[in-house]
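Right after this note come the structures.
Consider the two complexes below, in which chain A is the common component and chain B and chain C are the respective partners.
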Partner chain A sequence: MNETASQAEIALKSSFERMKNAGAQSLRRGAWEAFSRSGLPNKRDESWHYTDLRAALRAVAPMSGETKTATSAIERKQASCRFVVLDGAFRPDLSDLSLAPSGVAAQSLREALAHGEAEVLAALAGDVDDPAVALNAALMQDGVVLRIAPGTVLDTPLEIANVTSNAGAQSVYSRSLAMVGKGASATIIETLEPLAPSEAQENHALTLRIEDGARLEHVCTVAPQAGAAVRVLSLLATLGAKSALNSFCLIEGGGLLRRQVFALLAGESADAAFCGATLLRGRDHADTTLQVRHEGRGGKSREFFRYVVDEQATGVFQGKVSVAQLAQKTDGAMQSKALLLSDGATMNSKPELEIFADDVVCGHGATCGRLDADQLFYLQARGLPEREAEALLIQGFANEALRLIAREAMRDMLEARVATWLARRDIR
Partner chain B sequence: MLEIKNLHVSIGERKILDGLTLTVGDGEIAAIMGPNGAGKSTLSYVIAGREGYDVSGGEVLLNGENILGLAPHERAAKGVFLAFQYPVEIPGVATMTFLKATLNAQRRARGEEELQTPDFMKRVNEAAARLGVAKEMLRRPLNSGFSGGEKKRMEILQMALLEPSLGILDETDSGLDIDALRVVSEGVNALRARDRSFLVITHYQRLLDYIKPDTVHVMARGRILRSGGAELALELEESGYKDYIVEAA
Partner chain C sequence: MAALKETVETVESIDVDAYKYGFTTDIESEKAPKGLSEDIVRFISAKKDEPEWLTEWRLGAYRRWLTMSEPRWAKVNYPPIDYQDLYYYSAPKTSPGPKSLDEVDPELLRTYEKLGIPLREQEILAGVETRKVAVDAVFDSVSVATTFKEELAKAGVIFCPISEAVKTHPALVQKYLGSVVPVTDNFFATLNSAVFSDGSFVYVPPGVRCPMELSTYFRINEKNTGQFERTLIIADAGSYVSYLEGCTAPKRDENQLHAAIVELVALDDAEIKYSTVQNWYPGDGEGKGGIYNFVTKRGDCRGRNSHISWTQVETGSAITWKYPSCILRGDNSQGEFYSIAVSNGFQQVDSGSKMIHLGRNTKSRIISKGISAGRSQNTYRGQVSAHRKASGARNFTNCDSLLIGDKCGAHTVPYIESKNSSAQFEHEATTSKISQDQLFYAMQRGLSAEEATALIVNGFVRDVLQQLPMEFAVEAQKLISISLEGSVG
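So, the complex of A and B:
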């Protein structure tokens, strides 16, 4: 950012200046400087080419304040040990702290930063070079810090629920952190759930440190928001040797959404899978951008995404898999497919491979098309009315991604959400 | 059961069916034989209601009612079943989900009560056992990764569950080895009934060794050129279709 700083950037600067009493000052200052060098990203930034955040954030909403919401207002969608981050503030009173399984410690990020906890600061210091992540680090208000002790095997999922109240135009910056100890095994659910649609400007980030031999299932759901909402959701994952991460995300449009995944397979033989289904209609805009970096030898990564784009909506998929010179024997495969349901729907796909090692197997594929006429006729000839036949095909298309979710109960729940989304298509 | 009267169909400028007339009685198995390009598959698609065909004249009566104005799903509910030459694979749709959805959609359309899961499962398992369809196949997505024989068996399983009044077998023998052909044919023969007719479309006589037709019709140039009994199929096997193609020249 320079002398041509926009009104929005000036407003962000004053938000940053008001964070003086929050912890982690040197981390925040470093992040702010990194952000200032580029400013809000726009079309001219290669990685933000299809999602112009600067244009979307012309007017910056004020930072969220304290929100009073009753527990009962926050609907529980699955059996989990839940930690609620409401309008950017961790809420012990709304969370299942007393139910946390043994081997799991939870605290608020604000508290951890105020105490200058070295482990937390170190985990956040390794952030990637991205203006939205930098902005999150500079302005993070609160979040939840989960520590899963080495060797702990959890059956109950831990849920980080990012809830926004209907407080109207407000800015929310949350950062959560999960440290999965050596050999531990856990499921983390991450949700973005507005209590009611609002014009919130949200920037959430989740940092995952997955130690050697640990296994993590990560399921993220992004519920619809109002058309004027702007949301950025970042996942920053680091994987140790022989660790595994299986990450899935269901996005149900609403306003402008950018989800970004930065994964570093640091240890040898790390195994990461990133999958997702994105459902868009109206003027929804949803961008999923992945940067998966292999640094350890013998790593494996899979990326598998499905987009259903209807009406005037726009989907974006950018996936970049890079393999460092030392990461021999890497096995990478990336696939994204989009189904366009109307003439006005748009899909932008950009898969990329960047390989510096010579003994690897990596591939990618991206397709974009309409419903298959042969499949449609087949279903109609068996007795399904046209709309039902279409719905079954669309559901099937999304299910190809959903089947990669390991937990059956989660898979069933998300299938039901896809069905609900599709049912609204019929009403329109 | 089925009466096709003077049917004219084209795709764009190209005439495919040119005044085709055919009657199939209740419980009758009628074989349609003909050279490639005779319009056999077009006939099956037009009866089932596929888009993209321009029907410029004629009628298709099912039990006295002209079905040409109906959507494909409405024809299915009235008892038309097309066993596809190339059944499509639908990777994300579970076979059981598909079977239940189609069966109940037809029942709804006819004003019948929907089948509940236990009753549905019982019917599927019985039909599967009868047709030698492995349970493992039912657990897979529809036709995904199925061999040619498995796909055709799945078609017959669907026909057994949907209990149509008119079954159209479009080149069901294509891509089948002798064993699969026998299983599929036995499945069809088991479905023969007084109130169920079949239109068996085939290029080769071979299938008719297993499914004995009551009548055989030779189709070429978009019309039925000759009709006869089962012996006509054997005659065609001897002489081929050259007589019918020569006429065209």
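So, the complex of A and C:
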């Protein structure tokens, strides 16, 4: 850590010291040491240049305790087999354990760590070098571990619901894992859902192990939170040979949010797609940072993001595609587009390519601007009021990213959420 | 098929020894003692017979520099530089400020002849095809000759070494020096401000279209010598100037430091076109030696409707760290950046541009072509930003990288920051290798692999070559082919 640890870092240290009986001690210690070397990331850390976590976490909230909430309070948004992680603790009583399809085994992370399960520890040991991920590994309270047996083909989506109660300022550290066996095929929904807006400080991570030939659809939704909330959401995915991951994320702002994706295309001919739509207003700050690393030959990656930034909000997109020397025949394409709806809005983009192999085709495109005056005029000339014409264009812009979701029911549900967000723009 | 013919001729003319400017000139020189201290700064200032304000300015920069640390964010690796092991001043021993070319040491003239730089005005006039180009030749720390001064003076254009301008036009220098790149800007710029030796000064008065191309030729000759030149170009309201810069250095085993500053100021309706062909010694086949090129170049579009355009062809230097930028302050001002960066061997390039949109309806364009071969690393790093008041700002950025061989790297790191909803930014980048189909097609028609590669590469960089003044374009095309020699097969 820097010569003088900040108040926040001292508070985090005491939280770490209280994790003594939590299992996976050597892993936690290693992670804490990694975190201590850099401390809370700030503008001077290249990959956190636009999101200052140190400034946002001046005062660290106490770790969350046990929460009692009636089952009925947690609303169901889609048909799924749901696993609830409430305030960082896996809650079998709120989860659909009995409904779990065959070929799927669920367990709490706390239990897996207590038993020192080798597979889980090995998956966690593969964490990337990032201070927020390291902090998660050092302080993770609980989460759900899903194992999907090789060859299993699931129709029902599995849902990991990270729910935060309205317990006020509290720190939540959850880590979930999904291990998708060889040749298996599944859909995982990940949700971040506060029961009521609160000033929570959340750090959630999901580790995905996608074995050779497996296919995974991943859909993530991040619901709005209170303005003072600080949320970090990490996705750590490793892809085996000929495996495929199609990941989508809808972000509806709320306080400061950093979503980071670390994907390693380790096997040959792995195929990864990351898409997302981010809707921001008020003083929202949302950062999506991707690091997609190609290490296997013939891999393919696609990134496709849309930002709608209104009022005084700030959107950040950082995407880095790196291709190792052995990863010849890589095909990578990244696109991010931002729509600024107000003069106070800010968008920062940093699409990045780092290429050490010569036989590749990689590219990226990034644009930033406002609604096209000609398109608006076209719609108004056909009788639509200005606000409606705008809404139509914005919805169309955001839907370009939603189009890439494979499950139709999910897509419809998310399109409706975008429309609801837009409708609130009109009431203002 | 003129381009094809040109390329084939170029490839044929390649010597065994690719870097043909690697000779040294044996000339007695006068140096300041090694190392850097306040005394050395005073020594340089005294040598140049500078007014007191400039000595103090330099000392202020030096004191500031002591508190700064070297930037490490660029994607380049080099061993730590011992700043006390360098000569900060070196000048060929001749009478200071020769009045005419006859007084210039013949050895120096021969050097420029070998480099193909015309220093004798009559020779240029006798030539049939060449357009007139006024040259300021900078050898290590001093300017040795400036041509066509009289003819330029008739038009009102001031073109002279900056050390001379300090004496003859102190008000202009004092007004503009450091106004684009402040003394405290960055580590290398601050170092330059403390120890800068010479460079060119250009002032184009209001409404004047500079009657010829201006050019400066930089040559580092001495061992262990840093070159810290400083160029200041001011285009007053409604004027136009086109400026060319060329650089070479002898082959030496040690790395040599080059930390220059170029400041451009364009007032209302003025236009500056700045072209560089950078061909510093890149080091040998094992990556030994070569120039460290840490340069700060910035243009300030200070007036309304002003226009600054940077064009660069980078083939030399062991390390390049350089980001020619435009501050688009005046409403409706325009900035352009066209770049070809070729790296081979063990060269490392971290280069790009910054376009800072401050005024309304400002426009900028960045076209960058990176070609990496051998074991080189080639990074484009650029920034485009629009501030709150930059309504209607427009930027288009295109960075393409071409990889030749599987041991090199090509990287792209753009920063795009918009704080204004009416600003419209577009950025695109691609990285690929020379397509096998294209190579096959060209080779099937009888070209060797090397000729075919040179042909395709020249096509790849055509967008940028078109921006160069004609004489430079031909030279640049040759340079690119030479730089890529040995990269195929």
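Simple rule for what comes next: the second predicted complex is superposed on the first by the 426 of 428 C-alpha atoms of A that agree within 3 Å, B and C clash if a C-alpha of one lies under 4 Å from a C-alpha of the other, contacts with A are read in each partner's own complex, and residues count from 1 in each chain.
Just so we're on the same page, contacts are C-beta pairs under 8 Å (C-beta built on N, C-alpha and C of every residue); 3 or more make two chains touch, one makes a residue touch a chain.
From a predicted model like this one, the values you see are computed outputs, not experimental measurements.
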First, second, both or neither for A:378, with chain B first and chain C second: first
Partner chain in contact with A:420 - chain B first, chain C second, else both or neither: neither
Partner touching more residues of chain A, whether chain B or chain C: C
Chain B versus chain C as contact partner of A:392, first or second or both or neither: first
Touched partner set for A:325, first chain B, second chain C, both or neither: second
Which superposed partner A:363 touches (first chain B, second chain C, both, neither): second
Touched partner set for A:349, first chain B, second chain C, both or neither: second
Touching residues (chain side chain C, partner chain A) in the complex: 73, 388, 401, 403-433
Residue ranges of chain A in contact with chain B within the complex: 372-375, 377-386, 388-389, 392-393, 395-400, 403
Of all residues in chain B, those that touch chain A in their complex: 48-51, 71-73, 75-77, 80-82, 84, 87-88, 90-93, 97-98, 101-103, 105-106, 109, 141, 158, 162
Residue ranges of chain A in contact with chain C within the complex: 46, 325, 328, 338, 340-343, 345-370
